[in-house]
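Take a look at the structures listed below.
Look for chain A in each of the two complexes below; its partner is chain B in the first and chain C in the second.
Up next is the complex of A and B:
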């Protein structure tokens, strides 16, 4: 079979670009097993010392735990608020609802540093600087757009006659929402929950502005580690996170097929 | 009147999220405008100082240049991937899609860290080149615009690929087939028939990448090493090093206005609703 130059160009090009996307991320893997105390490839042999360091250092472990529980609280708050919001807007479907939807996605468009300045000044007034509540509130705001977008996407396939039928059969508005609309929105809510968790789990700029010593998150530890001394523990943490991402993606792909 | 009542209950669902967004997000961001015009004294002093500063001018030029080059780079690389995924169905296509989406889920911080490991003075790339005796002294691949650009394109690429993929999935193959059967070569039918149909996806991707790049902080700050001061980093510099809230806020206002202008101009060519509100 004749394969044209056109096809060869796009096929090899695509694989080269994918290599550029994926391979650089994987360099942390060999680095994490280095037997040296600086960032570099293993010299004499492989070593697990940097993993041991991660799993025994209370600072790293506390920061990880904080990021996980803050992320779960944020994902829960953002999912509840964002789902209610998207369902309300879906029913209204008027100009005002459209404006509301645009307002809710502004955190996607405002540069991170600018919104963090705003948070900082406001959180000082509210006494929320360096508190977990302050971080949860900020992250919930940043996560809301993603929940609202994914729930709305799930609802775009819902037949508007279904809630109408429920209403005409005597269900109240809240009963209709709960029994008819929420089940249809469920895939969107699940996606939104995952997005919200990741937004919070990875967020760095806001945390740098609104926390000092009391609240330590994983991204903050990594950031400070990169700034101060380049310690291979970061490579071990990065490898663990990448492996977790790989497993989660694989599960996602397998469940879909 | 049942209809009015009904509307009220839908608004009850909308209001909690909307209220906290307005109180704790929109108001604080507007608060920055207030600071810009009132600190250290009321007036436009901060903006006058800013307009006269060469450092600010340089920073804006760098910001727009980096954002523009990142956008072009992401569009070219992203187009090739999106095209191959959408047009050549092989057994490996699902793998390709998974590999494109995967970096999306890896934190920007970790991806930037990987590039530091690769591009640093004694990083893996320099090590390998020295080892192979291709170079005598380490190349400067980082702490300059080159390093920032490489890492920025890497971080932003998925944002360009995804809208293009969504767009290309909706393009029917019959037009290219028609062009081919009428005698057009593969390249001609691509250029004249296929490519124009992909413009909405290309523009969506361009807008996303450009707007996100304008305000990006993490990657330029880590890979630039203080030598490639984009506006976001310049703002944090003013505030954290010099406690100059007035100038920092004035710069933030200009960055916000610049972002809004880009969106307004883009609205003429791009379907903003499809790009931002109804993203899949």
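Up next is the complex of A and C:
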């Protein structure tokens, strides 16, 4: 069978791109099972010692727990505020609302370093440096646009006469929002909540700027681990995160089909 | 008229330099089927929104049974409303949608159950109670919207072009149903539409609006037979317009002339000798004859076959055009383009229009 050079070229190219995308992630897998005490490939045999270390070291566990609860608080705050904002804009739907929407998504447009610098300057004034409140506030700001964008999307096809219908049927403005608009926005709120959690859980630049010793999140601990003690536990943590993500994605895909 | 259920006094609504409502006065009788008819931009929807309480009037008052409701929020007016796009709550089942106004009013679960069943029965949708709105067709959704707007016994039912999103056949069916429902329930209906057929077939009374002002109001028959001005004569049905000079006559009978053709005009509208008047002539009141049979000679320009009726466009010397509508069973003349004909009408057929 004749295979054209053209086809070979593109198939090779495709595989190269996939390798480029996936290999850097997969390289942590063998490292996490290394039997050495530094970052490197296994020498004599495979070992679970670094996983054991992760699950017994209070520093790692605390950092993980901090990231989780901060992420949940951030996701909750951002979901409430972002949803309220999006619903308000949906009700107005005029020029002012459009301007407000653009202003709200600036956290996505501004480079993280610039924004973190701003947080740093501002948080110093407010005395929020190296506090959990400071991190939660900063992350909520960063996560807000993701929530409001997904709620906007959920509301975009909603009939604008619905609030009128509800009110003509006897519902007050608040009852209308609770009974009619929020239920319709629910899928968007759920997506926004997940996004907000991921934004916070994953965030490193801001955390490096506004925390010192008091607040230790998982990304920061990984970053610092790389810097000074080249501990393979990092690879174990990374592998665990990859596995968790894969499981979550698989559940999501299975539920949809 | 007894005490009106709804009374609108000098309603004015401005949008920038435009007056969407320009001093509307209207009384609605209890149990009436009133239609607000007009082209887009005529202010009919603005008026309905003001009645519902969605927009605030710049001037004027609204009274419900003599009680002022001008500043009352919509949720306290107790008017049911049906929208063009149905506006069913997408996250609620049909049953929850219809029960919504009752739930808001904190009625007991058993009463809600009973009322919802009655309302669904009324629109013949009982079998669909547990569906979601998205699983229903347009006509079915509009029935549910109707049941929802009626389930709490509203004072007035407001309908904002409820049938215009539906196809023609379904629209005709629902017109009958709406009229039926109105008769059965005796609730006051205020119906907004731009469709003259809808207005003519269902209403007790029609109010024709243009540029935020009432042009004419009355029962369908009166409006059709006695249009007051050119706009009404043209908007409600089709009309031929004709300039004529009053040559002689007094009381209710006049001799008139139009471009050499003389005819008699019987009208209650006072006319003076020597005056030029504008007449409206319904196409179905025009007679078509062979040359010399009638008094206005002309040439057939176009013929349009519509099944039960046939429309013939006739040009008169001097450029005037007449639209003649005649039953297709009439075979005395077979109009074809180019045929020489003549046109005539009964002395009481023309309507004298108010000067524009």
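In this section, the second predicted complex is superposed on the first by the 238 of 257 C-alpha atoms of A that agree within 3 Å, B and C clash if a C-alpha of one lies under 4 Å from a C-alpha of the other, contacts with A are read in each partner's own complex, and residues count from 1 in each chain.
One rule holds for everything that comes next: a residue touches a chain if its C-beta (ideal position, glycine included) is under 8 Å from a C-beta of that chain, and two chains touch if they have at least 3 such contacts.
This structure is a prediction, so every number in the text was calculated from the model and none was measured.
Per the definitions stated earlier, placing chain B and chain C onto a shared chain A by superposition produces no clash, and the two fit side by side.
In the superposition on chain A, A:24 makes contact with chain B only, while chain C stays out of contact range.
By the touch criterion stated above, A:61 is placed in contact with neither chain B nor chain C. Legend: residue contacts after superposition of the two complexes on their common chain; A:124 is shown touching neither chain B nor chain C. Residue contacts after overlaying the shared chain place A:88 against chain B, while chain C stays out of touching range. In the superposition on chain A, A:102 contacts chain B only, with no contact to chain C. For the superposed model, the angle subtended at the Cα centre of chain A by chain B and chain C works out to 90 degrees in steps of 10. Residue contacts after overlaying the shared chain place A:133 against neither chain B nor chain C.
Once the two structures are overlaid, the count of chain A residues touched is higher for B than for its counterpart among chain B and chain C.
Of the two partner chains placed around the shared chain by superposition, chain C is the only one that A:169 touches, whereas chain B remains out of contact. In the superposition on chain A, contact is made by A:7 with chain B only, not with chain C. Measuring only between alpha carbons, the smallest separation of chain B from chain C in this overlay is 5 Å. Taken in their complex, chain C has these residues touching chain A: 52-54, 73-81, 83-92, 100-101, 104-105, 145, 148-149, 152, 158. Remark: chain A residues 158-159, 161-162, 164-172, 175, 179-180, 183-184, 186 touch chain C in the complex.
Those residues of chain A that touch chain B in the shared complex are 4, 6-7, 10-11, 13-14, 17-18, 20-22, 24-28, 31, 39-41, 81-82, 84-85, 87-89, 91-92, 97, 100-115, 117-119, 121-122, 137, 140-141, 144, 148-149, 152-153, 156, 173-174, 177, 198, 201-202, 204-205, 219, 222-223, 226, 230, 234-235, 238, 241-242, 245-246, 248-249, 253, 257. Interface of chain B with chain A (complex): residues 6-7, 9-18, 20-22, 24-32, 35, 77-78, 80-81, 83-85, 87-88, 94, 96, 98-103, 105-118, 120, 122, 124, 127, 154, 157-158, 186-187, 190, 211, 214-218, 222, 231-233, 235-236, 239, 248-249, 252, 255-256, 259, 263, 276-280.
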